[in-house]
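Naming follows writing order (A, B, C and D), and every chain is counted from residue 1.
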Amino acid sequence: MKRRDFIKSSLTAVAATVTVQTIVGRAWGGSALKVGVMIPLSGPAGLFGPASKNVSQMAADDINAAGGILGRQVELVFADAGLPPAEAAQTALRLWRGDGCEAFIGMHDSAVRGALINVFKGQVPYIYCPNYEGGECARGVYYVGETPAQSVVPSIKWLTEENKLKKFYLIGNDYNWPRDTNAIAKNTIAELGGEVVGEEYMPFTVDNFDSSLAKIKETGADLVIITLVGGASVSFNRAFASFGLSDRVLRFGTLIDENTLAGIGAENSKNIYSAAGYFANVQTDDAKAFAQQYVAKFGSDAPVLNALSQSCYDGLIALDVIAEKAGEMSVASMENAAEGMEYDGPRGHATMKNKHLAMDIYLANAVGAEFKIVKSFRNMEPGNFCKA
Amino acid sequence: MTSSLLAIKNLSGGYGDLLVIRSVSLSVLSGRAISITGRNGVGKTTLMRLISGSLPCSSGELKFLGSNIVRSGAHKRFSTGMSYAPQENIVFDDLTVEENLTIHYRDSSLDRYNALFEKFPRLNERLAQRAGTLSGGEKKLLSFSRVIAEPTQLVLLDEPTEGVQSENMYLMGQVINEEKSKGRGFLIVDQNLTFLEAFTDTIHLIDHGEQIFQTEGNKFRTEIESLIAI
Amino acid sequence: MAFSLVVKLLPMAALLAFPFLTTSYSAYQLGLYLLYGIVGQGIALCWGNGGFLPLGQALFFGIGAYISGKILQGNIGWGVVILALILSVIIPALIAGFIGALVFDRQIGSGPYFSLITLALSLLGYQLANSQVLLTGGFNGLTGINGLPGIDSYGNLYFFIVGALAVSTLFLSHLVSTPFGQLLAAVRENEERLQFLGVKTSRVKAAAFAMSGALAGMAGAFFAPHQGIVTPQVVGFILSAELVIWTAVGGRFGPVGPVVGAVIIGFLASGLRDSFAYWEVVVALVFIIVVLRLPGGVGGLGISIAKRFGINVWSQKKFSRTETVPGADQKESPTLEFDNVSVQIGPVAILSGLSFSIKQTGIHCLIGPNGAGKTSALNALTGKLPYSSGKISWRGNTLKGIRPFRTSGLGIGRKLQVPSIFPGLTIRQNIDIAIWVNRLKFTHLFSLKPYQWNISLLDELQDSFPFLKDNEELAGTLSVGQRQMLDFTMAVLAEPNLILLDEPCAGLSKSETENMISVISNLARSSKATFIIVEHDMQVVELLSDHVFVMHQGKLLAEGSLNQIRDNKEVQRIYAGGSK
Amino acid sequence: MEVLATFTLNFVYSSATLALIVLGLALVFGLLGVMNMAHGEFVMLGAYSAYVVQSFSANFLWAVPISIIVCALVGWLMEWAIIRHLYRRPFDTLLATWGVAILIRKGIEAIFTRDYKSINQIMPETVEILGITYPSYRLLLIAIIISLFVVLFTWYQKSKTGLRIRAMVRNPELASAIGIDTARLSSATFIIGVSSAGLAGVLLSPLVRVEPYIGLDYLLSSFFILIVGGLGSLEGLLIGSAVIGGSDALISTIFDKTAGYMSVLLISILFLWLRPDGIFSRR
């Protein structure tokens, strides 16, 4: 918080009586195209906020350098999506009706997505960036994140063949994303002739996993599929390693990102596999160029990149491509322009099918505190939902 | 040389705005025993709690060893030389008798109680017992022995004889006289006039929180009894 | 009077005009904070008025929101909407009332245990909301909730919310001035005394908690259409804690404070959150200062400032006592029987085989040295001290394991040892509560008629105790003597058959004592009541007693007229300072 | 047999760690009656002192004294500024300490951001015991906790200060009559309490997640253990940890973790309602 910002923000704090704020809001945006960026600045997911902000700013600069969207320079308006859904919806509404944003990108959890969809009601284009459970087709919403069908299915197949895995243990938090992801994983395991030896769901407050680790040891599981979120994933993986399980039993998850790995610690990360659309050290030329550009712009000690924060970049690029294809920034025309749109980004080549992206998926293995890519799956289909 | 230990002038106080003690004045010189008596419920215990610091005084002067101690906390009054044996919850029930006797000393030796143990062997026998299990009288003996052995100039005793057998009462009177000869001052509240006559220099009669009678010497039993007879 | 009416209507007018002065977005935002304000009003009712702090109020807000959200998911007509509103008010009210009755029945006093129970319940609610996916939509919550038919959630739903706020504010300000509101305040002031005035305080607290549950449910009912989504955070502990903070900062002693708190902090939060990183630190600091220095909160500050300018925001209507109410029918034969009653607490025997009986009316004095068990005998009689063996019977029925609030129904009035009144209430209010004993029926709870009740005995007492006339004085400002007289007055106004007075003259000056003695003897003559007076002061016993009981070490030592007692050798021995 | 061994070891480990976390609150809430809602934040402060020591790549053992000093300072400031004035007002203590909890949380977040901090494993290898492999640091931790409690018990029963605290708690008037400065002793007890919470934070930091928001879980489990175990005595704390730790472990193995968590809540509600003084209370 540099000094200049601090003074400016405390002045606005003093002047932030309701009337002043709303009069300013009424002035209609000039030619600049305001895009609302909903990223978590507080709450449990708040640690992804700073990197997401940097990445979004980079995307806007790149788009503006190339002439903006439909000839209009892009101006980003950031807002906190880490709040409970009720307040997050409030903020989105303020950006839309108050500050005149004409499009939104969102990097937050599914509960906030539900709230935003309810507020927008398909009247403003909205790009949902992070990986999610898939299967949703709301009007005016375009999903650029990975779906379980793209990331879980190929990874389990590859891991099973490589390591002759027989028994699988599923552990996750007790809510929709883990349950839906596990459902897809179980079909794949059944197809491969594997056996699910345990499936457990935890409340968010759990910090003691001893009983689960005992069951994992007892059932002789070969691979543990982890759909725990945030802190629970850190605690589980640390305890897992402390019981010496990490040598014999592999671990796989689609939400173990660079931050979580830092929390787990280098000495506890043996045999952890993670699948996502992007990793900080993916070695493709586009990814390396993106990483260098990020370091050049924000310095080497900038917040670490991961799939979730990087997805904001793809979100803005997708918005640009769809809008250019549709010819105008309106849901009516963008709804059918989106099908089949393509672009090349840091993640590689992506094409939109049924409002989701077919894209490259990378499977990485944790070596110490770093992720090394062991396998890339080219142009994975998002899954057969939202048929046009 | 009889120096002034305690000097109270027009002391008043009570519980919140409920004034129980109304402008009481008295003084205790070293080597002297001052007694206070009166029917129960007239405020004797409240006066002792005002002097010992358990209760804040509303008005009046309270001087100990010449300095005004109205403001000083109860624990400070002990360290400046004032011992206090309260009327109720007079021992630490959870601690053993020995612990009760040694809790406020660095060393845990019981030598300072040898003389008292000779007079009250019961205490010596029950050193390891939890004080809460003692009878009322035994608790009073424990509390009495504690204050007598404390290195203080002034001793406040509130109903020391309640539940104590008469032969122990006689011994307590003897001990008080011995301590008086060593120059210690006593302020004693009790209803047992025969006990008080054994060592009292001046006695005050309290009724409705006010001093209504005062006499010197130790032949006051019949006179006071007529005053407080029902 | 007109001016304070304007002061009250001004905020309502401002709220109605608000959407036209600012963007409809800010009005939408204000609507949400007003809903939180309504829940805060429920908290203030329990905490400010009743003295007990609910820490999990979001539970009832969430239940209301889930119910109305579930119903509004389908496309519905107004009939269904009314049903949704009614259900989301009644169900939380029933749950809250049930919890309140269960918890308060076991513990008197507002220890922190009730707050911790409500905290644990809101945690339980959050977990259930997350895992019962079918009922609540789980983590992603209930979505696709339509607005009210024909009402744009983003537009004029706001006016429905302002209407709901008006209803809750009017209801609460009226409630405070009704007998129920006064009894609830009396619970905060002195729950034990109120029990001896025949009020089942656990029922009063449970009712207040149920009302706060209803208010929270109503706010929840509007939250669902307003937001279009209901997620588990709505039931969780974090929102409950925030609601308590807003209510504390806003002010808990009236229905306006919590709304002020919720709105101010809400707008500042949304304005500052993105630009000022340490926003929550500021709220925490303000909250600590309010808790330490400003119990009345911002609202309380405003009211005290307004008072300084002569605007009395809380003008209580004045009533004159016009309607005389018949006195209680005092039955003839007052037989009280203690039969070998004993009470043991740990190793100490408080009462050991106490037996005596009272056959005729008049004044019976109970005397004896300290610790003889005099007060314990009264405690055993009135159920404050459960007795282990023996039997106490009054007018034929045995009093075993009764609760204090039953005693006034059996015609027993009691004045406690230390003068026990309702210091935060005015003298008139203290007297009201005493008059209502055995007379206030359920229907009177919300009507203003009981304020007009008067009984002839009160006029007599007001002649002998003139200070009872200037009614608007707070009882807490009375001197000790006056408190004794007020306490005595409250004990006798119900015209009980058995009047227990514990040291009525303690702390009284000479003249006050004489006055009290004359009042007691007049009352003894005029009414057919039986008196038991515990007293140390022998002059009082001499002037008043028809009969004297002497107790010693938990047993009856002697009884008879005062002269017989005086010649009794036993009594002289323990009284003249012999060994106990 | 192996399953039984694992279950008992897990039960001993979870009860021991719960008892260590609750110890601070047993002193502050159990003995002094101060409802400290910032108890969990002191555990978090302990964990972050371990992180600071590690980031200076100093030996982990330095973290123990540093965490105690940090918590003692914060505890002293809090007791002096707030708690001292609120000893007779339980509701206000609850609310004021809740405000302090937010302050500490936000302070740590401002300094360390919200990222997860990883404390290097101490003695990462496992060891064979009762026929199963078990992390050696956990066994060391159990040993430390047991010896800590044995030392604490004898100190509390035998030492002068321990005697004086017990005396003061049960009979404050007599305590000051024999020269105990009850005000200073209460604040000392408060500071010892919060510092032991810091110690728990340090010892547990290698095993648990370290981020600014872990305080709330520790606070709630501590309150529930004290309520079930009983206030005013250290034995109550052990019984409470065993009951809560045991029922959580048992029900989560039979049903699932969510049911285990809810069973703890229900047990606490029942105790709060039926037996507010807990199993082993001496208040």
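Throughout what follows, a residue touches a chain if its C-beta (ideal position, glycine included) is under 8 Å from a C-beta of that chain, and two chains touch if they have at least 3 such contacts.
All of these numbers come straight from a predicted model, not from anything done at the bench.
Shared contact partners of chain A and chain B, listed by label: C, D.
Farthest chain from chain D, judged by C-alpha centroids: B. Taking A-C and B-C together, the pair of chains sharing more C-beta contacts is A-C.
If each chain is reduced to the average of its C-alpha atoms, the one that sits nearest the average of all protein C-alpha atoms is D. Here the spacing of chain A and chain C, counted between their Cα centres, is 53 Å. Chain D has its Cα centroid 43 Å from the Cα centroid of chain B. Distance between chain C and chain D, defined via averaged C-alpha coordinates, is recorded as 36 Å. Residue positions 174, 201, 203 of chain A each touch two or more of the other chains.
Among all residues of chain C, those that touch two or more other chains are 127, 131, 277. In terms of which chains touch, the assembly is arranged in some other way, matching none of the line, ring, star or all-to-all patterns.
Contacting chain pairs in the structure are A-C, A-D, B-C, B-D, C-D. Interface residues of chain D facing chain A in the complex, by the touch rule stated above, are 2-3, 6-7, 10, 13-14, 113-121, 124-126, 133-135, 137-138, 206-211, 213-214, 217, 248-249, 252-253, 256-258, 261. Within the complex formed with chain C, the chain D residues making contact are 35, 82, 85-86, 90-92, 94-96, 98-100, 102-103, 106-107, 110, 216, 220, 223-224, 227, 258, 261-262, 265-266, 268-269, 272-274, 276. Chain A makes touch with chain C in their complex at residues 1, 8-10, 12-13, 16, 18-19, 21-22, 25-26, 41-42, 78-80, 84-87, 89-91, 93-94, 97-98, 109-111, 114-115, 117-119, 174-177, 201, 203-204.
Touching chain B in their complex are the following residues of chain C: 347, 369-370, 418, 479-480, 503, 506-507, 536-538, 541, 565-566, 571-572, 575-580. Listing the residues of chain B that touch chain C in their complex gives 17-20, 37, 39-42, 133, 161-166, 169, 191-194, 208, 225, 228-230.
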